[in-house]
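Reading through the structure tokens given below for one structure.
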Amino acid sequence: MGGAGAIQVPATSLLALAAILFCIGLYGALTRRNLIIVLVSIELMLNAANINLVTFSRLGASPGLHGQVFALFTITVAAAEIAVGLALLLAAFRTRRSTHVEDMDQHKW
Amino acid sequence: MGLPFWLAVSPLIAAVVVLALPRRAWRAYRAVALAGDAVALALAVAAWIQFGAAANPIHTALHWFTLPGMWLGGNLSIDLTFTLDGLSLPLVTLAALLGLLAAVMVPRGQPRCKEYFFWQSLLVAAVNAVFAAGDAFTFFAAVELALFASFFLLYLFGGARRREAAFKFLIYRGLSSVFLLAALAGILYAAAGAFAPGGVQPAMPGGPTFDIARLAAQMPHLAASVCPPSVRWWLFVAIVIAVFIEEALVPLHSWLPLANEQADTPTNMLLGGVLTKTGAYILLRFGAGMLPDQVHGFGLFLAVMGVINLLYGAFAAWAQKDWRRLIAYGSISHMGLVLLGIAAFNAAGLQGAMFMMVSSGILTALLFAVTGALAERTGTFAIPRLGGLAKAMPNLSGFLLFAALGSLGLPLTSGFISEIQTFIGGFTAYPAASFVALLGVILSAVYLLYAIQRTTFGPLVQAADGWADARPREWVAIVVLTGLVLLIGVWPQLIGHPFGFTVRTLLGIGG
Amino acid sequence: MQILWTPEMIAFFLISLAILACAVMLLSFQKVIYMALAIGGVFIGCAALYILLGAEFVGISQVLIYAGAITILLMFAIMLTNHEAVEPEARWTVRRVFSALGCLALAAVLWFVIRSVQWPQGDAATDINQGHPNAVAIGLMLFKTYTIPFELVSLLLIVALVGAVILARPPKEGE
Amino acid sequence: MAAHAWLVPLLPLVAYVFLLVLGRRAPEWLVAGVSTALTFISFLLSLGVFRDAGQPATYTFPWLHVGSYTLEAGIQVTRLNALMLVVVSAVSTLVLLFSKGYMHGDERFAVFYQYLNLFVFSMLALVIAPNLLQLYIFWEMVGLCSYLLVGFWFFKPEAALAAKKSFIVTRIGDAGLFAGIIMLFLASGSFDVTTVLQAAANHQLHLGWISNDGLLVLTAILVFVGAVGKSAQFPLHVWLPDAMEGPTPVSALIHAATMVAAGVYLVARMYPLFAASQAALTTVAWIGGFTALLAALIALTQRDIKRVIAYSTISQLGYMMLGLGVGAYAAGVFHLFTHAFFKALLFLAAGSLIHALGTQDLFEMGGLRRKMPVTFWTFLAGALSLSGIFPFAGFWSKDDILAGALRHGHPALYAIGLVTAFCTAYYIFRAFFLAFAGPARDAEKHARAHEGGWVMTVPLVILGILATIAGFFNSPLNGYGLGKFLTPDLSLYQTGLGGYMAPERADVTVMLISVLVGLAGIALAAALYARPAAVDRIASEGKAEDIGPLYRLSYRKFYFDEIYYAVVVAPGKFIAAVVDGFDRYVVDGLVHLVRRIVYLAGLCLKYTQTGQVQAYGTVAAVALVVIIAIAMIRAGGVF
């Protein structure tokens, strides 16, 4: 299949895409009020990282499957993360009736 | 594992045993603590015999772990080393003795007895280890242990402002530990050649070491191409700052009067008697022993600071209205003379400084013991509220007078023999500073006799119902310390013998 | 830089456009539930990109786990909490400005870094799948080279599963 | 005999330890008996040592090694030392005996004897010290005993203050001596007196930071400062009159005959050093002369009998210094010798009066001639001796000094000496007439007055005899025997010290003048205080009425105490208060300032802890970006 042969897409473009996606995700994580959206934004950043991994597995200095395997690990860990994250969110919502980040400030001075 | 090891460890074992004892075993706590301290003292005495006329340093090393040879041309072995040489032997004996006497002086109804004896034994173990340590690593560890043991003694068992005093103590001395650590690590690196201007030059045969004896043999003779003078300069500055705090020298002294004012009598005996001598010990061991050129270079500074301390302490003591603060400032004043003696950097000066450390330790502890015993009866340390005690308690008053006279350097006491040697050294090297320092000799008489006159002479100001003169446990402590003051005053060669060896080593005269 | 308008290239541009559009929508929608839908778009776009890059197995996994499981999970979470929630009007607070500037600066820095590096072109000679189909090659690698991490990840999933259940379970009476 | 001289100080030490073991409750007869007997044996031994004294004999053992130098301890017997041994042990024996009566009934009787024995030991050991260090040690020890004995009645606030004052003022002098000794050690390489003096006499003292001549003068002056403190010379004379708060036997022994004379002894012992530096010798002479006159002027108006005698002591010590300073070495030592006897006598006689009357105020005495005949006659002998009337002891020694001043070319000092002699005769006979002549001014006390027991009268009589005849030891009648005896001590040192020795012949004119001046003083005192017509005037003086400014100046001791308080003590206390305030508010204030700054910083920074995780994230992200950007810029080639 597509395992061999040259790829016409330049690495620069792929990395730039990942970088933009990462920055959008970061911005979302830093500014959105809703905890769910914050979690989603983090997933966005993870995806950006995954794009890099896959890109380098094909276009890196030493191409190989390692990048793809790591992308798989990342996806798994992200799944675990989202599961636990959402469970925490539910627990927090039960006690505070809110999913807003601003309300989670019991560590204020 | 030899004698010096157990000397430091036996009070530590006592501390652990105290912790393991059941609750409310009041007598057992004291008995265990006393046993640990007594073993340490007995070992110290045994060390004197072993030291003998030949002045063999007694050495034990316990290997702990090795930092592999990634740098500086060899492995760095981290050991627990204990060495008793001419300088440490008298001091460690003093520490062990004061540890024992402090345990004796703990009053019968001491609250939170178990904790008290635990921390006290720990402190005694730590100060023993400080003076018995044979390598910089063990030394620093012991200094830190002493710091936090005394912090807890102060924090848990002091007077009304004990928390403030304890934290001031902790922060000050913690700061000094920072500089000490910097200096010790710096010396390790410098001696191993890490600061050579042209890149690392392994200088120590056998790799880098913390061992004090090897460092002292190597460090002063390193060529400038291996250890540049600027590095030595910075190391010495760090040592001086650490020393000034540890020894409570002006202007970094303000923790001592407060700590002494707030601590109880046994703690004060240890604090004033041995812990404040750590600073001078550092200056002798790591300053004079490893950076002699810098001691020379800083001589004038040290001498001037010595005189300032001497006068500042004396004047401040004159104005004090609390015996404990007065004693604290008096000890600051004494330490000024120690500084002058070290600054002189000749046989008489150095030996005088060492004598003064021991003498000031004994006399400070004695003064604390006597004033503590008086305060236990009268309920106050405040000089204006005392008077005429010689009528009610002639024996204790007599000892107070004796301690004061020793402290002001009356002949045939240890204070005099220390003073005269220091001044012989001082007049050789810094005559002008020594002349000014004479004023301190006069002032010490002024502040001590002023306080004595207000305390024991004159008409009795309080009703003296039920005041017993000294009790047995107080007798023990007071008489032993008094005897020691006289013994050193009349037979100074006793401690002059071991000190002499170290002095000759420091000055590089003969073996 | 000379851009060669090959079919692959055109596909890449379309996919990236879709991903970025979805990502921007994600941040600009007011209603939370729409945002969840937008993230689904991002996930699917990424999957397409992986397949384009010849990582079919990763692409399929992405669709299964992200676009399938995670998006649905998010939907449930939104429904279980405050599903009417709207993201309030964005006010340009100092923090927000700093976040925006920081992200822009990060993008700029990354862009300069990416641009300044001479990236190797895809090597036509090497077949990263060693002649196997992609899924087989990945399977071989997972069970040969990465056995222990693989097992650890499965352990992690179990722990996450149990943990999520315990955390999400409503407290019993009197607890 | 010299080899056994160590026994002389040892016996009082044995007595001290014995009394210490006996404790406070020991019976009085045992305490006094043992002390007196052992000291008496010491006296007999000293006589033996004195008889055999010849070339200096030294016996030492090592004490402490300092670097390569070894400090030694031991004894040395020279002719001067032997003479001092005799004087000290003789007076000590008599005072110990006298104290049995004087201190009878005091609850700390045994303690008193302990202290006295310790003093006698220290004083004897001081006298035979072979080196300066040992001398200094015992020099301080006698100071300590003086402190303890002055403050013996410690519950009296005046006694407590006086004890403190005496110790501190002498300590000022001691600090000088201390420095002098150390510099002599450094310059000569030895503490040994003989070595030091040889080096000084040969001008071989050398220190790096001062010229050789300057060093000689400086060390001599420093040693003299010690002597000034101990011998209560101007300007450190203020402690001695206050020290009269101690029991009277103490005043007789310590503050008249022995300890205060130690200063004079020191100058005599170190004479080659002084002789080698003319400036120092001149200083000694002028300080001595000035002190003699000053103290005599103060003594003119004092009303406390012990203070009159105390100022007289200061004055006579000034005479001795004057004698040594002008070069009349033998005369100075001789005056020390005679003065020990007649001044101890005067003090003990005064003690007898005080013991009988319970007051020290001259204006509460009077008319005691019949009631206390032994005291009367012995006091008279002492007073005549002090006034320098032929043939009493004081005549010979004082005349010797005055003649010496003229002979060595110091007419001004001679004149001062003469004026002092006149004042001396006047004030001592003023005291004498006030105490013994005229009517009783306090009838009740007068009625109680009685002579003490034999323990008190026997020492008086013995001292009375000595005060009368001691002068013949060094008179033209035996060819200035004492001077000849002492001369070999100085001849050891090769300087032109021969001139400081005894005169070849007596100068009758000088003698005549002195006696006449003394008689004039007595006559004036008699005219003012012994005539029956003077009763009213005495009464008004006793009530301190219409005293003129000069009288007040003398009576208030030229305001020295007040001046010292204002110039030394008050500034000292002020500095102490300033230092204490500095310590509390500046040093500690800085510490607190640092604490407060840190606290304030925390107070401000806590507002950054909003609890908002996104705020933390923003800061972290921005910081990360900045750090990466900086790293990129440093790496170069990116932008």
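Lettered A, B, C and D in written order, each chain numbered from 1.
What we mean here is this: contacts are C-beta pairs under 8 Å (C-beta built on N, C-alpha and C of every residue); 3 or more make two chains touch, one makes a residue touch a chain.
These figures come from a predicted structure and were not determined experimentally.
Chemist: Looking at chain pairs B-D and A-C, which one is connected by more C-beta pairs in contact?
Modeler: Contact tally favours A-C.
Chemist: I'd like to verify one number: the distance from the centre of chain B to the centre of chain D, where each centre is the average of its C-alpha atoms, in whole angstrom.
Modeler: Inter-chain centre distance comes to 38 Å.
Chemist: Return the distance between the CA-based centres of chain A and chain C, expressed in whole Å.
Modeler: 5
Chemist: Which whole number of Å gives the spacing of the CA centres of chain A and chain B?
Modeler: That gives a centre separation of 61 Å.
Chemist: Could you state the distance in Å from the CA-based centre of chain C to that of chain D?
Modeler: Taking the average C-alpha coordinate of chain C and of chain D, the gap between them is 101 Å.
Chemist: If a residue has to touch 2 or more other chains to count, which residues of chain A qualify?
Modeler: As it turns out, chain A has residues touching two or more other chains at 26, 30-31.
Chemist: If you look at chain B, which of its residues touch at least two other chains?
Modeler: In chain B, nothing touches at least two other chains.
Chemist: Please set out, as single numbers or ranges, the residues of chain D touching at least two other chains.
Modeler: Where chain D meets two or more other chains at a single residue, that happens at 614, 618, 621.
Chemist: Among the chains present, which pairs are found to touch?
Modeler: A-C, A-D, B-D, C-D
Chemist: Going by the contact rule set out above, which residues of chain D touch chain C in the complex?
Modeler: It comes out as residues 614-615, 618, 621-622, 624-625, 628-629, 632, 637-639.
Chemist: Looking at the complex, which residues from chain D come into contact with chain B?
Modeler: For this pair, the touching residues of chain D are 62-68, 133, 136-138, 140-141, 144, 151, 154-157, 159-161, 163-164, 167-168, 171-172, 175-176, 178-179, 182-183, 185-186, 207, 209-210, 572-573, 575-577, 579-580, 583, 587-588, 591.
Chemist: Given the complex with chain D, which residues does chain B contribute to the contact?
Modeler: 168, 250-251, 253-254, 257, 312, 315-316, 318-320, 346-348, 351, 388, 390-391, 405, 410-412, 416-417, 420-421, 423-424, 427-428, 431, 434-435, 438-439, 441-443, 445-447, 449-450, 452-453, 456-460, 492-493, 496-497, 500, 503-504, 507, 509
Chemist: So in the complex, the part of chain D that touches chain A is made up of which residues?
Modeler: My answer: residues 606-607, 609-614, 617-618, 621.
Chemist: Which residues of chain C touch chain A in the complex?
Modeler: For this pair, the touching residues of chain C are 1, 4, 6, 8-9, 12, 16, 19-20, 23-24, 26-27, 32, 35-36, 39, 42-43, 46, 49-58, 61-62, 65-66, 69-70, 73-74, 76-78, 80-82, 85, 87-88, 90, 95-96, 99-100, 102-104, 106-107, 110-111, 114-115, 119-124, 126-129, 133-134, 137-138, 141-142, 145-146, 149, 153, 156-157, 159-161, 163-168, 170-171.
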